[in-house]
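Structures are listed in the sections that come next.
Look for subunit A in each of the two complexes below; its partner is subunit B in the first and subunit C in the second.
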Partner chain A sequence: MTPSKTSLSKQRRACKSFRADSAYHATGIAICLFFLAPFVITFLASFRHGTEARLAPLPPWPTNGISIDSYLSLDTFGAGIWQHTINSLLVSVATVVLTVAVSLLAGYGFSRYRFPLKNVLFVLIIATLMIPFQSILTPLFIILAKLGLNNSLLGLTLVYVTLQLPFSIFMMRNAFDAVPKEIEEAARIDGARDLKLLVRVLLPLVLPGVATVAIFAFLNAWNEFLAALILLSSNEKYTLPVLMMAVRAGRLGAVNWGAVQAGVAVMTVPCLIVFLLLQRYYMRGLMAGAVK
Partner chain B sequence: MSDTGVVLTDIRKSFGSLEVIHGIDLTIAEGSFVVFVGPSGCGKSTLLRMIAGLEEVTDGEIEIKGRNVTDLDPSDRGIAMVFQSYALYPHMSVRENLAFGLKMAHTDPAEIERRVKAASAILKIDPLLERRPGQLSGGQRQRVAIGRAIVRKPDVFLFDEPLSNLDAELRVSMRIEIARLHRELGNTMIYVTHDQTEAMTLADMIVVLRDGRVEQTGSPREIYENPANTFVAGFIGSPRMNLLNAEWVGDGSIRIGKSRIATRMDDKLMAPGDKLTLGVRPEHMNVVVDDEGTLRAKVDFYEYLGGTQFLYCQLEDGQAVTAEYRSPVPVQAGDILHFRWQADDLRFFDAAGLRLTDVVAGIWLCRV
Partner chain C sequence: MTGSGSKTQSAQRRRRRRSGWRGLVYIAPAMALVILFFVMPVIFTGWMSLHNWPLMGGTRWIGFKNYVRMFHDARFMSALQFTAYYTVIVTIAIFAVAFPLAIFVEKQRRFVSAYRTIIFLPVVVGLATASLLWVWLANVDSGFIGPALKALGLVDKSPNLLATFDSAFLTIIIMVVWKIAGFTMIILLTGLQAIPSELTEAARIDGAGRWQRFRHLTLPLMRKTIALALIISVTGSILAFDQFYIMTAGGPQNRMISVVYYIFNQSFVSFNLGYGAALSIALLAILVAISIVQLWLLRVGEERP
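What follows is the complex of A and B.
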């Protein structure tokens, strides 16, 4: 091949790869914009001026300067935004802690121990995923009332943990199944037993699974509306989604759109933080067990 | 100090109603290198795991250095184990991997550091101490796994097919390293493998297992030269020993197919018509020119290995024989050859596959 031909083909290749790269990045940017737009619109709209905020939400950005009126007016609903945010945080964090603790131990048990009816029990737990939640709301309400846990955040947390467990146990069993048995045996020979074995050797290896379970538990508990609406009855116990319902309903027929946007922003931030913190593990967790 | 490293007494193991180890008695001298060898599913790994304490013993007793350890936890038995899959802790650095067992035992940090240093010097892994297992090659990982065993200063080292995951070249060098380690440390080592080269080269004593029973124990030379039965004869040695169906015809002769071959066996021990199995190693099959009292065989195909050749032949009655052939005269597939052997190189087995030495003890048959 002559030198000119070589440089020509090099040029052509460079041109081709440039085009491919551009197309790749352009598509990426377009998808990014598509996903980011709702967040941007919500956040911008939540900073509109008081009077402007009561108008229809178009255009969504502040036209008369930035103000935190919407956030202040949000605080006038229910028992105040802080109370409801704390309620939501309490319920969500407790749900995460309990779900992770129970599913970690259950997943370990299902993965490593042999006991009678193990598979039947496991299938039974998984099968509960198929029961529509709404259909058991009434029995749940009655049970909680009998236990004296109706209209309490603890009762709501227990309901969330129960709903979250089938998927979480399934997830954690997969995570433990993916850890080679020899590692556990080596640790036993090294003298790690029971809880020490679980915490020092196995937990770091199933961390992706734990992260996945934690994210799901947090998001579901944070966003859940129906159970919270039905099982909680006093104003100061409501979680954020229930508060948002009240905000959205408006007062005397007038909807404060600014407050709605501010509420949405408040609700979005923790979800974003949790997801961004754990996403690295989360992706690995979903794939664990798939490719062994 | 007792000179018995490990004593197994009537060890049995059942999974449900299925018994897989059928009462094994074994005494392993302290400081010896013992290799459990046998085909897949013979129970060699299960036996090792029972010694390690990773598998419960259904019945029987295990003693290590005179101490009954049957019901002790693995970490209290004075053992260390090297796994086939290395089983390193992926989230810890090499240093942490080595130190983990000592930390669990609340060893003094200065002592941990000293032992880690000593072990990494023996295995030449000092430059790797800060790396994670994921950043190491297979050979390096296996070194770390061995290092993790060394720092524990165990009474007994247990190896479960430690070289199976390595490539051929690395396997040879690691094999030599393990032999060197045994010489330097002098601990009792129990090694499970299905690779008979590893068994023959490393062992002071080989334990041949089949279906959860010990078929024979002995030094590599004993096992190779005086196999106790046709199974051991066929299992140890590559290519395997030729085991030919023969019939006693009287007058000290046997018949293999159509060939009648004279032996020096005592006539009183057999009745004409008795079936027996003749065992002869490929390297003892000598090609000769005359056809009187020899075995005629047709060459099916041959393997040229440089220093030697293996001829895979068929006797007239269809039995297969393998012969090692070192003559410079070329051989082609389809050639008819005549084989003869030294009487001393023959091994006889009865119809049940048991060696006939015990029966005919005292006569010329074998050099025992």
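What follows is the complex of A and C.
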């Protein structure tokens, strides 16, 4: 009698925990729906026929067969979607490469060398985080013009790299601090010096830090809007977010919502892919920033 | 002996000095960029703010007149007011959503990491992209929200969400919460997970209810994390621009002009570069003041863990 009673109560408890579990996951699915729905609706809607583009997405999926009309109409804006995607990619990839190179060197310098004003300079770099770049856009515009870099993707890239530096140098200095000095000494004895030592021996050891720096540089450069809006003035130089303002403004008072959906898809997909592939490194960066 | 000692000492010093220069070489590119594209522009902004500085033609020194003008500029004051209002409301909204979410995904169980990832997804797309997405969703005829409400029979006619201040403001708040809540959730999650489980367990055994545990244990222990999340949310909201520019173009009756938007208008639409610089300095001062409060808050948090 006793065993059957305990098994019964066990069963009841299992039943209760199953119910609690179901409630938990039902809530979880509802939450996920809210956060996923805008993406899903846009992606699906962007493959509807051109004639459907201005209709409400009910249902959001294409009912008359899949079509790339929206992407074709997006291509008629500015200098064509390829040009602007390439602009965005060029700026983002160049920002990644330069940010990694500059912060790798600086992180190494701050971690391994002693030099006059070291702490002052480090604090100066980190302190730029306090100052919003939105407040220095006018002088940036003028300085870039003086350097002959106004309305150029290179100028925009240099600004983005500078904005990434405080976080990146902080990350890279910590990464180098975590590498034991003995490894470096052993490599030195084997005849590796300076840049060779840095690239051949130390770079593989700080690669996780590099991944974190790179992913943040990419996402920020790819997504940035205000600086690009101000610093780029000719049509064919626009990055994707600036191009989308022309799409958003529409023609003759009519907005081509199909092109808007397609543009959102083009801008979103690379971010999501980069994040999902390198999530671990992204979260590391976030934690480092939060703990700091 | 003393001679050899001083010799090694001077050799050491020489080596240190040489290594000193080498260290500077490593940080030189970073310093060059920071000075050229950050320090100089900040100083230049201060300099410009003391001038009448049109786009074309000569600049003229006018001392602090730009700042005097700023204090009498009703539109700037209303931009400040609107930005403060937006910052308070959006921060409350983000916390009201992110805190329960952080508690929801705290325990390690099945699918939790998938939930975390999905909630975080909107964080990695740009604010401009998100604004564009939601301006379509909120569109009266071609969007999703209004027509869906109508299809469900909740309203007779699809509402034009971006046409009135209140509904446009609400739409933007929901968009920003959708975009940012995952970020705040992760920050709060790090704080939640740092609380030793023995403590909550002990409180439970002592008979503390769920709310009591949250109020008297979790909240005080998360002080530092909450302060950090709060500061990130506040500074981010003060600098808001993309959502107002893209979604409402300044909003019904120009009532959604944030501070950055107003600076943008003064500097790059009206080309009052000097006045724009003075406004920028004001914005900069506000942000630096908040950063100082942040450091102070975080330090206080350290003293009383």
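Operating definition for what follows: the second predicted complex is superposed on the first by the 232 of 292 C-alpha atoms of A that agree within 3 Å, B and C clash if a C-alpha of one lies under 4 Å from a C-alpha of the other, contacts with A are read in each partner's own complex, and residues count from 1 in each chain.
Assume a contact is a pair of C-beta atoms (placed from the backbone, for glycine too) under 8 Å apart; a residue touches a chain by one contact, two chains touch by 3 or more.
Quick caveat: nothing in here was measured; it's all calculated off a predicted structure.
Asks: Examine A:39 and indicate which partner it touches, taking first as subunit B and second as subunit C; both and neither are also allowed.
Replies: Only subunit C is touched by A:39; subunit B is not.
Asks: Touching A:218 in the superposition: subunit B (first), subunit C (second), both, neither?
Replies: Neither: A:218 stays clear of subunit B and subunit C.
Asks: Tell me the contact category for A:169 with respect to subunit B and subunit C: first, second, both or neither.
Replies: After superposing on A, A:169 lies in contact with subunit C but is clear of subunit B.
Asks: If we overlay the two complexes on their shared chain A, which of subunit B and subunit C does A:108 touch? Say first, second, both or neither.
Replies: The answer is second: A:108 touches subunit C but not subunit B.
Asks: Answer with first, second, both or neither: which of subunit B and subunit C does A:196 touch in the superposed model?
Replies: Touch partner of A:196: subunit B, not subunit C.
Asks: With both complexes superposed on chain A, which partner does A:77 reach: first (subunit B), second (subunit C), both or neither?
Replies: In the superposition, A:77 touches no partner, neither subunit B nor subunit C.
Asks: For subunit A, which side has the bigger count of touched residues, subunit B or subunit C?
Replies: So, of the two partners, C touches more residues of subunit A.
Asks: Go through the superposed model and pick first if A:182 touches only subunit B, second if only subunit C, both, or neither.
Replies: first
Asks: Common interface residues of subunit A with subunit B and subunit C?
Replies: After superposing on chain A, no subunit A residue contacts both subunit B and subunit C.
Asks: Under the touch definition given earlier, write down the residues of subunit A that touch subunit C in their complex.
Replies: The touching residues are 24-25, 27-28, 31-32, 34-36, 38-39, 41-42, 53-58, 60, 101-103, 105-106, 108-110, 112-116, 118, 121, 124-125, 128, 130-132, 134-140, 142-143, 158-159, 161-162, 165, 169, 194, 219, 222-226, 230, 241, 244-245, 248, 255, 257, 260-261, 263-264, 267-268, 271-272, 274-276, 279, 282-283, 286-287, 290-291.
Asks: Which stretch or stretches of subunit C touch subunit A in the complex?
Replies: On the subunit C side, the touching residues are 16, 19-27, 29-31, 33-34, 36-42, 44-45, 48, 101, 104, 109, 111, 114-115, 117-122, 124-129, 132-137, 139, 141-144, 146-148, 151, 158, 178, 182-183, 186-187, 190, 225, 228, 235, 239, 241-242, 246, 260, 263-264, 267-268, 273, 276-277, 280-281, 283-284, 287-288, 291.
Asks: Applying the document's contact rule, which stretches of subunit A touch subunit B when the two form their complex?
Replies: For subunit A paired with subunit B, touching residues are 180, 182-183, 185-193, 196, 201, 204-205.
Asks: Which residues, counting only subunit B, touch subunit A once they are in their complex?
Replies: 52-54, 73-75, 79-81, 83-91, 100-101, 104-105, 148, 152
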